Amino acid sequence: MTVTTPPAMELIEGDLRGSRTTSIWRDTLGNLLRQRNAVIGGAILAFFVVVAVFADVIASYDPNAILISSERGAKKLAAPCIHALGCAAAQPEHYFGIDGNVRDVFSRVVHGTRVSLRIGFLTVGFAIVIGGLIGALAGYAGGKIDNFLMRIMDVLLAFPSLLLAIAIVTVLGSGLLNAQLAIGVVAIPVYARIMRGSVLSIRERDFVTASRALGESSYGLLGRRIIPNALTPLIVQGTLGIAAAVLDVAALSFLGLGAQPPQAEWGSMIGLARNTIFAAPHLVIFPGVALALTVLAFNLLGDGLRDALDPRLNR
Amino acid sequence: MSRSPRWSPLLALCATAALVFAACGGAASPSPSAAGSQAASQPPASVPAFDQVSYPEDGSSACGTEGYKGQIGSIKAVDAKTVEFALCAPDAAFLSKIAFTSVAIQDADYLEETGGGGEALFRNPVGTGPYKLKAWTSGSDISLETFADYWGDPPKTPNAVIRWSTEAAQRLVELTSGNVDGIDNPGADDFDAIGANPDLKLFPRTALNVMYLGMNNTKTYWDNDKVRQAIAMGIDRQRIVDTFYPPGSSVATHFTPCDIPFGCTGEEWHKFDAAAAKALLAEAGYPDGFTTKIHLRALPRSYIATPVDVATDVQDQLKKNLNITAEIDVQDDTTYLATASRGELDGIYILGWGADYPDVTNFLDVFFGVGADEGFGKKWDDITAPLTEGGQSADKAVREAAYTTANNLIKQHVPMVPISHGGSATVFKADVEGAHSSPLGNEGLFAMKAGDRDQIVWLQGGEPGGLYCADETDGEALRVCEQIMEPLYSYEIGGTDPLPSLAETCEPNADSSLWTCTLREGVKFHNGATLDSLDVLTTFAVQWDAEHPLHVGREGLFEYWGYLFAGLLNPPPPAP
Amino acid sequence: MTRFIIRRLILSIPVLIGIVFLVFALARIIPGDPCVAALGERANAATCARYSAEHGLDKAIIPGVFRVDGRLEIRLTEAPATLVDNQFVIYIQDIAAGEFGVSSKFGLPVTDLLIQRLPTTVELTLYALTFAIIAGVSLGIISAYRRNSIADVFTMLIANIGVSTPVFVLGLVLAYVFAVTFKDTPFALPPSGRLTAGVSVTPLAEAWGLEGLGGPFRAILDFLSNIYTFNALVTLNFSLLADTVRHMLLPALALGTIPLAIIARMTRSSLLDELGLDYIRTARAKGLRDRSVVMRHGFRNAMLPIVTVIGLQLGGLFGGAVLTETIFNLAGVGRAVTEAIGARDYAVIQGFTLVIAVGFVIVNLLVDLSYAYLDPRVRLG
């Protein structure tokens, strides 16, 4: 998990932040397209987004439909059968095979794309919003409030993230929503730190005093200087965070604590299939590859964004 | 009876020998025998005659005393090698019960030394078995070595190592990669692959368990007899067994598996008939079905390997066959049982049961007898009556009649729907001679020869919590205890028949209410002590009497005593 | 510098206090009954009432709040009576005395369990980190040296694939490939466990005749003794060493892919930073060979943030090893806590989590201090 921490890391983050203003977007896009990492990542992501949007059309079956009685020849744990690649015409066609409940794996993987993308964005969105609020408050208020809030963040960070998430889900009860909540909560400190750092760095700049003198309100300052300044590291960390979040929720589902049956979520599919890995490796391979590719896309994109947005790396 | 010593040289030699044995074996002394050939081994006058000891100590019987619900009246150590068990009612299953691992005989002195509980006792068990404990590396493995002074045949492989893994695929990888010699519970879908592998041998395990769909007859929908009967007919149980259960499993024709005597008397369960079920549901007042839940926990058990998959299928069948919409509710592994047994589950719940000892009372009485919990709601008196009758009679004909009645009534009332008896298996390397599986999960590693290797490595599903088996409930612990300790009788290797072990015989009186066990001679414990009747008495008394100073254990619960002999002596007052 | 150290130490204290509270709260909020967890199907009301009484679980958790039958019950009228006689106070007292109680699942003192389990995780983490450092730094250097070329993209891709593949999938596949596919070849590796069955480890106390030693020194000795690599090296037991390394290779590989990507990234960006600086340009202009420029000048200075990241990953790996420990059947700390959560073993949940969290705080503190020491700007400023 890409959890980063305390003062030492702050120094590193600080180095990478630079002092961009709001007119970064055009430059960034240009830079971004020059980063091959980001291009590959973006392409993969775009592919998955398309799959997610058109899942109903792409999937040949209902992901939760049990085919025992409705389809002749559907056998539990059947290997992938593609007629174009030589599979007998009498056998029903299932690109990714059939799972332990006699359901089509391809449809489940396709629909799982929706679930995973949603998980990623929702979880990280939640963490960014809450973390950002906490961090902004801490940085802006300073003093005791800052200290108090940051100590709480430190306490959260001191726990091994997966264990903390397991504990939270055990308390709240299993389920995809609770799993996302748990992972989101565990991820808050990182974004709080980033926002706080950004606030602090802005506060100390001359143009703040100048703006204030010119009558700019606190909110205006927040909106036009602080948040855009924090945006860069937030986006970079957020993109990487989505990768981690998708993996972590999959891990929770793998352990039986996240997505509940019969929902088609990649982690839970792998978890349920792990003991049939010899009899039916396709049940682990296809969702596993899908998961790995999605996470890879976000990781590459995040890396590329970081490179693109960092002034010193662009020489 | 004492004899004056005669100072002939032969006698002197024998007297010395007897002195030496007496010194090593504690208070035991050879029982006086009328046979002439025994005359040479006379006890020297200095060894005291055996004092009869009984429990309860004042010689009274516990039967009929206030608040006592148990089956044992008293236990008496008549002499050094004889123990008498007086029961409150005839019990035909007595031999099966004393063969259970929780009443394996412990050394009385060791129990005293350890105070009947504590780390020393459950991490360092002392038994009489062919293997003794060498080392237990917590979390990693347990290693056993040959006990040199074992009374019987030494173990076929000198050393044994027991490891564990909760993942079936991992166990199979360990076996196929050659790192272990045998594993427990391979995944159901791997049976074919194992069968095709010439280096492995599969040993299917007779299924002494049952999986059922429970319904609480005090809750909405299930309080209507016709609804329950509709469910009984509306599930295609064969489909569930074919799809989710390994070879060796069977559809349940009765609640109790047929391998258990009297388990399958009476009519077979309702046949699958979706149309009739739907009609019955309409008659009950729900022509369009209704909405409910399917409760389960995701933990794999012997009676169900993939609970989630099965629940999904049941959900699908309820919808297609009966138009009942059921939401799947996966409950927490640890709270599920308590919730179910308190009758708090509103919908259909998936649960099961595995045999402790191979008698029908361990199935039917637990669920439908007088002492059953609230899981199915209100009990049926017409079922509890024949069950009580059957449990107390030793007469085969009486039992047959009683259980036939009970089974038929269970079919009629449908407190639950039995689905399957889940088979499982053990898998061994092809070169392990004597490899087998036991229906009770008591594989005897001592009877297996691992090729020409000097150690046999067994990989089971979990780590024992402790090895003081009087106070253990987990089959994983009991199996390890089986290698180290022995009860008076033992189940035959790979079967359910109780055969003499530490007792040469246990004879009943005419109506099976008094059992007299004669112990084997010259049996030693791993710490050097000799087995005598006091050890047997103490082993039983410590578990039986809640107020015994050594009634401590690991959990302090002695759960299996309740299942075997119904009640504790001086039980603590029930919870407020 | 000293002021910096003291300030950091003082800041750690509220964090530690917060951890103590949070650990207790989390453990006790978890619904469910340890008795039911222990007994499975055989649990019933009477026996569980006895069990609760014996383990002190029928006392109030905090004044006025009780746990009955796996659920929380608030009885405000009993709050004053239970002001001091409650589980939280007992917990604090125990911690102050350095006691973590007895595990309800294993019946062993938690400290004993820690001494058995923590070394496994430490060993796994060290192996994984070693692999991650060697591979990550190498990949990072290659990437930085050939920035934005195919090699760069390729190495970063490899690093990222490692971190993107879920460790539970990677572990399963690795175990299958090396244990079954390569069976009977020199490449075969055991798929689980720490040692081959039958291999025994002599505790250091025994080997050095220190069995009489007790107290904290014995505890430390036993802890070190359970790190089998250390044990093997110190007692020159090379067969044990070989066996341990063979068993650690696959888990280290699976677990190490996570920090590998981060270290690789960090190395790359940090090195790029340095390489762009003036003094490097000067060195190049002076005609120094490029490789010596990169390695001798750029790398050394770039090490700083890399070292920091390595230190931070060390802490995060600890708990994150849960899945690896499950897949490879290693009895480590992460798995122990997960199982303890399932078994509602409060003593283990509290004790282990506390130790892990405190360990993490200490590691971070050391990393901060080392960074401060190594970076002259902080040291002198």
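To keep things simple, chains are lettered A, B and C as they appear, and every chain counts its residues starting from 1.
Quick note on the criterion: a contact is a pair of C-beta atoms (placed from the backbone, for glycine too) under 8 Å apart; a residue touches a chain by one contact, two chains touch by 3 or more.
If you're wondering where the values come from, they're calculated on a predicted model, not measured in any experiment.
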B-C against A-B, pair bridged by the larger set of C-beta contacts: B-C
Chain whose Cα centroid lies nearest the overall Cα centroid: C
Gap in Å, rounded to a whole number, between the CA centres of chain C and chain A: 24
Chain B-chain C separation of Cα centroids, rounded to whole Å: 40
For chain A paired with chain B, centre-to-centre distance based on mean C-alpha positions, whole Å: 49
Multi-partner residues of chain A (at least 2 other chains): 170, 274, 277-278
Contacts with 2+ other chains: residues of chain B: 167, 169, 332
Multi-partner residues of chain C (each touching 2 or more other chains): 31, 172, 176
Sites on chain C touched by chain A in the complex: 8, 11, 14-15, 18-19, 22, 26-27, 29-31, 148, 152-153, 156-157, 160-161, 163-169, 172, 176, 258, 261-262, 265, 269, 272-273, 276, 305, 308-309, 311-312, 315-316, 318-320, 322-323, 334, 337-338, 341, 349, 353, 356-358, 360-361, 364, 367-368, 371, 375, 378
Contacting residues of chain A [partner chain B, same complex]: 66, 68-69, 76-77, 100-102, 170, 173-174, 256, 260-262, 272, 274-280
Partner chain C, residues of chain A touching it in the complex: 1-9, 11-12, 15-16, 34-37, 40, 151-152, 154-155, 157-164, 166-168, 170-171, 243, 247, 250-251, 254-255, 267, 270-271, 274, 277-278, 284, 288, 291-293, 295-296, 299-300, 303, 306-307, 310, 312-313, 315
Contacting residues of chain C [partner chain B, same complex]: 31-34, 36-51, 54, 69-70, 105-108, 113, 116-117, 120, 172, 175-176, 179-180, 183-184, 188, 190-198, 200, 326-327, 329, 331, 336, 342-344
Chain C-facing residues of chain B, complex: 119, 122-123, 135, 137-141, 143, 159, 161, 163, 165, 167, 169-170, 173-174, 176-180, 332-335, 337-338, 341-342, 353-354, 373, 455, 457, 465-466, 473-474, 554-557, 559-560, 563, 572, 574-575
